[in-house]
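Next come two complexes, and both contain chain A; in the first it sits with chain B, in the second with chain C.
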Partner chain A sequence: MFLEIKQLSKSFQNDLIVDRLSLSLDQHRTLSILGKSGCGKTTLLKLIAGLETADQGSIRVNGEDMSGKTPAERKIVYLYQEDLLFPHLSVRGNIGFGLKLQKIPASDIKEQVDLMIQRLELQGQGDKMPHQLSGGQRQRVSFGRAIITNPRLLLLDEPFGSLDVGTRQRMQELFKELTALYGITSLFVTHDLKEAILMGDDIGLMKKGSLQVYPDKQDFLLDPGTGVRSEIEFWESLLKPNY
Partner chain B sequence: MNKLRYIVLSGLGLGILFPFAFLAMLSFSGEWFFPEVLPGYFGLKNWKEVLTSESGMGISFASSLGISLLVATLGTGTGFIWSKSIAYHSQKETWLVLAYFPYMLSPVVLAACLNFFFLKSGLSGTWQGVVLGQYLVAFPYSVIFFQAFWNHRTRQFEQLVLTLGGSSRQAFVQVILPLAKGMILVCFFQTFLISWFEYGLTALVGVGKVQTLTVKVFLYIKEANFYYGAIACCLLVWPPVLLLYLNKRFVYNRLV
Partner chain C sequence: MKSKPAFGLLFFFLLGLLPFAAALVYALLYSLGIVGILSEGVSLAYWHQVLQSGELLGSFLYSALLAGTGVVLSVTLALWISMGLRTSLQHRFWSLLLYFPLAIPGMVASFLSIQLLSKAGFFSRISMKLGWIDRLQEFPDWINDSYGIGIILTFVLIVSPFFVILFSNVYQNERIAELSTLAYSLGAHGKQVFWQVTLPILFSKTKRIMILYFIFLLGSYEIPLVLGQESPQMLSVLIIRELKQFDLKLIPEGYVVAVAYTVVIAIAALLVFRRREVQVHE
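For the complex of A and B:
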């Protein structure tokens, strides 16, 4: 397994936020994690990224133990719900930021950034500043900035939460295209049921710090705890003739 | 209605500008005795005397400028770094109460409280002592000022840089400093003004040996030499006015 997490726990003061959580994920696959606010999703991602320290448990990426490694050494990029574009840098500057940190020659950065701008369908926007972009364009830049660094693992914390329905749908398609193109392995956290089903190759449900990963999507759909059935019943009730 | 507005605004404008204009006029005046409406002399004599004689006005101006620049640089620089540690500290509130402490007392009372230490350390009557004294006022101001900067979003920016493969130093230099640039300039300006107009603490710690412009102004007023006092005031007031204009023109307008 590419990503292996065993018995991971984290408490803040006396609150157990992540409770002996285990999961595994193959390379080049996306695991959707569905969960309500406060169920520990964000903390789980921060533990994997090295932004928080686990109380117990282990995280291994490609067989390598992550404990004691700094976030920079892990090569795991964490994407927030907000796009967090650097306001003092242009679109080019933002996308190439991670490469600049790695001290890659400027000509190589330019080449890679130009290619990424094309793939993100942002031609002609390269010299714009973040405040000149729409919400969807900003989120694309944020994606490009993460993917261009070729991370071992991409962690997405409700990245489309602030987008309107249409833009969200387009971003979901673009995400699928790019992850397939770059062979990205990712954890996609969301509280949106439909998005969880659409985005993940595998799917899990997180409740009170525990995660249940389903063997396949059918099991997820049939489990009453996921809310899929009640969602279907709701839509079916709207379609029934009114006697 | 428009006319009334124009009159009120003109009146307010005149009221604000009059003291500055009057100071400038007084600095060029001489032989102005009661009940004369206008001065008997109006020219450059006072300025020439002050700039060519041994009045020490030039040295006072240079001292004020040097001390204020040093206090503003040290206060803003160290305040920015310490404010981060305090903002993210579990005992943040306690540290902030301590930062407000120098503002519970007037600077003179603060200086009087610390005077023993200045005397014992040999800093009394030296420019280093004055810088330290003023720094003790400017530093907490800077710490409090930057609390607004170290928010959840700034922390997310730092963490993002780390996960993109950067070090804490790279996050600081390439993201945090550019983000804070506007606030740093405003804080520098504010701490410069705190130092520039400081009198009580400077007079007490400097014991008359460190003669900044504010000390000089009060000296001339005590001597009833209001022409020289006006020159000192002009030198004291006009540079900050210029700085205020530059700050408004190039910094503040970009922040809002």
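For the complex of A and C:
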């Protein structure tokens, strides 16, 4: 398994946020994690990224133990809920930020950034500053900035939560295209049922710090605890003639 | 609804711009010998006199050097305090302590500096008690000295708290903590985060305030009046000295210095704001 997490726990003061959580994920696959606010989704991602320290448990990526490694050493990129862009850098500067840190020659950075701008459908926007972009464009830049560094693992924390329906749909399609193109392995956290089903190759449900990963999507759809059945019943009730 | 902004502009023009413009025109006319009790008609003699003497240029360079050094040291100190002691500054006691120097008037700060830094002052006496010097006279000249050390230290005392507060607010408003975490996640190390994220964001958001503070210090009066030397003098001190001299025929020279100073600062300010417009779209 590419990502293996065993018995991971984290408490803040006396609150147990992540409770002996285990999961595994193959390379080049996306695991959707569905969960309500406060269930520990964000903390789980921050533990994997090295932005928080676990109380116990282990995280291994491609067989390598991540304990004691700094976020920079892990090569795992955590994508915020919001489209957090560096305000002093242009679109081009933001996308190329991670490459610049790796001290890649400027000509190579330019080439890769230009290609990414094209793939993100941001042609002609490269020299704009973050405050001159729309929400969807900002999110695309944020996404491209993470992918271009070719991370071992991409962690997405409700990345499209603030977007309108149309933009969100387009971003979901773009995410699928680019993760397939770059062979990205990712964890996609969301509280949106439909998005969880659409985005993940595998799917899991997180409740009170524990995660249940389903063997396949059918099992997820049939589990009453996921809310899929009640959602279907709601829409079917709308279609009944005497409603 | 539209009359409100128009009224505001008129108010600003009448109370803000008009008196300043009138004073500048009066100073210009005075410097050209057109007005004044002993005016002898239009003449560029006062301008020639001031520009040839070199005192204006010397004073300008001296003022710019002291103001620039004051701003650079204040910004550096404020950066160190605001970034290094970020958690401590959230405590009420430390934040109150920080606000305190902002309430000290320039004149009081100057006398405080004399009490602390002069040869008979606090640090001199402490140094003698500790055996670092044998006599008070051996303590270095920091007051009315040729390098303006007393002036610069007093500038730092009154300006750095403002920058600490400014940097702390920008740090929070621009969410630099989260951006730093993001940079770490993208592979940055501690120094890279500071030089490529924290510092550029703080500077890009505060650079115009730094320039305005430089202009403010360039024209400061009380501190260089009390702590400065006879020559060269900082601009405001030189202007007042020229305007108050006994020979009434030489008063126009004071207005020459005042007009030249105002024009240079106005042009510099215009350039700064013009550059801002261009940079937004870079």
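We take it that the second predicted complex is superposed on the first by the 242 of 243 C-alpha atoms of A that agree within 3 Å, B and C clash if a C-alpha of one lies under 4 Å from a C-alpha of the other, contacts with A are read in each partner's own complex, and residues count from 1 in each chain.
Here is the rule we use: a residue touches a chain if its C-beta (ideal position, glycine included) is under 8 Å from a C-beta of that chain, and two chains touch if they have at least 3 such contacts.
Here the structure is a predicted model, which means the values were calculated and not measured.
J.: After the alignment on chain A, I want to confirm one thing: do chain B and chain C clash, or do they fit together?
T.: clash
J.: So, does A:229 touch the first partner chain B, the second partner chain C, both, or neither?
T.: After superposition on chain A, A:229 lies in contact with neither partner.
J.: Of the two partner chains, chain B (first) and chain C (second), which one does A:194 touch, if any: first, second, both, or neither?
T.: Neither: A:194 stays clear of chain B and chain C.
J.: Identify the partner contact of A:36: answer first if only chain B is touched, second if only chain C is, both if each is, neither if none is.
T.: So A:36 meets neither chain B nor chain C here.
J.: Does the superposition put A:127 against chain B (first), chain C (second), both, or neither?
T.: second
J.: First (chain B), second (chain C), both or neither: which does A:90 touch?
T.: After superposing on A, A:90 lies in contact with chain C but is clear of chain B.
J.: Taking the contacts chain A makes with chain B in one complex and with chain C in the other, which residues are shared?
T.: 49, 51, 70-72, 75-78, 80, 84, 86-88, 97-98, 100-102, 145-146, 149.
J.: Can you list the residues on chain B that touch chain A in the complex?
T.: Counting only chain B, the residues touching chain A are 153, 156-157, 159-167, 170, 174-175, 178-179, 181.
J.: Using the touch definition from the top, list the residues of chain A that touch chain C in their complex.
T.: Touching chain C from chain A are residues 49, 51, 70-72, 75-78, 80, 84, 86-88, 90, 97-98, 100-102, 127-129, 132, 145-146, 149.
J.: Residue numbers of chain A touching chain B in their complex, please.
T.: Those in contact with chain B are residues 49-51, 70-72, 74-78, 80, 82, 84, 86-88, 97-98, 100-102, 145-146, 149.
J.: Mind listing the chain C positions that touch chain A in their complex?
T.: Listed in rising order, the residues of chain C that touch chain A are 174-175, 178-179, 181-189, 192, 196-197, 200-201, 204, 280-282.
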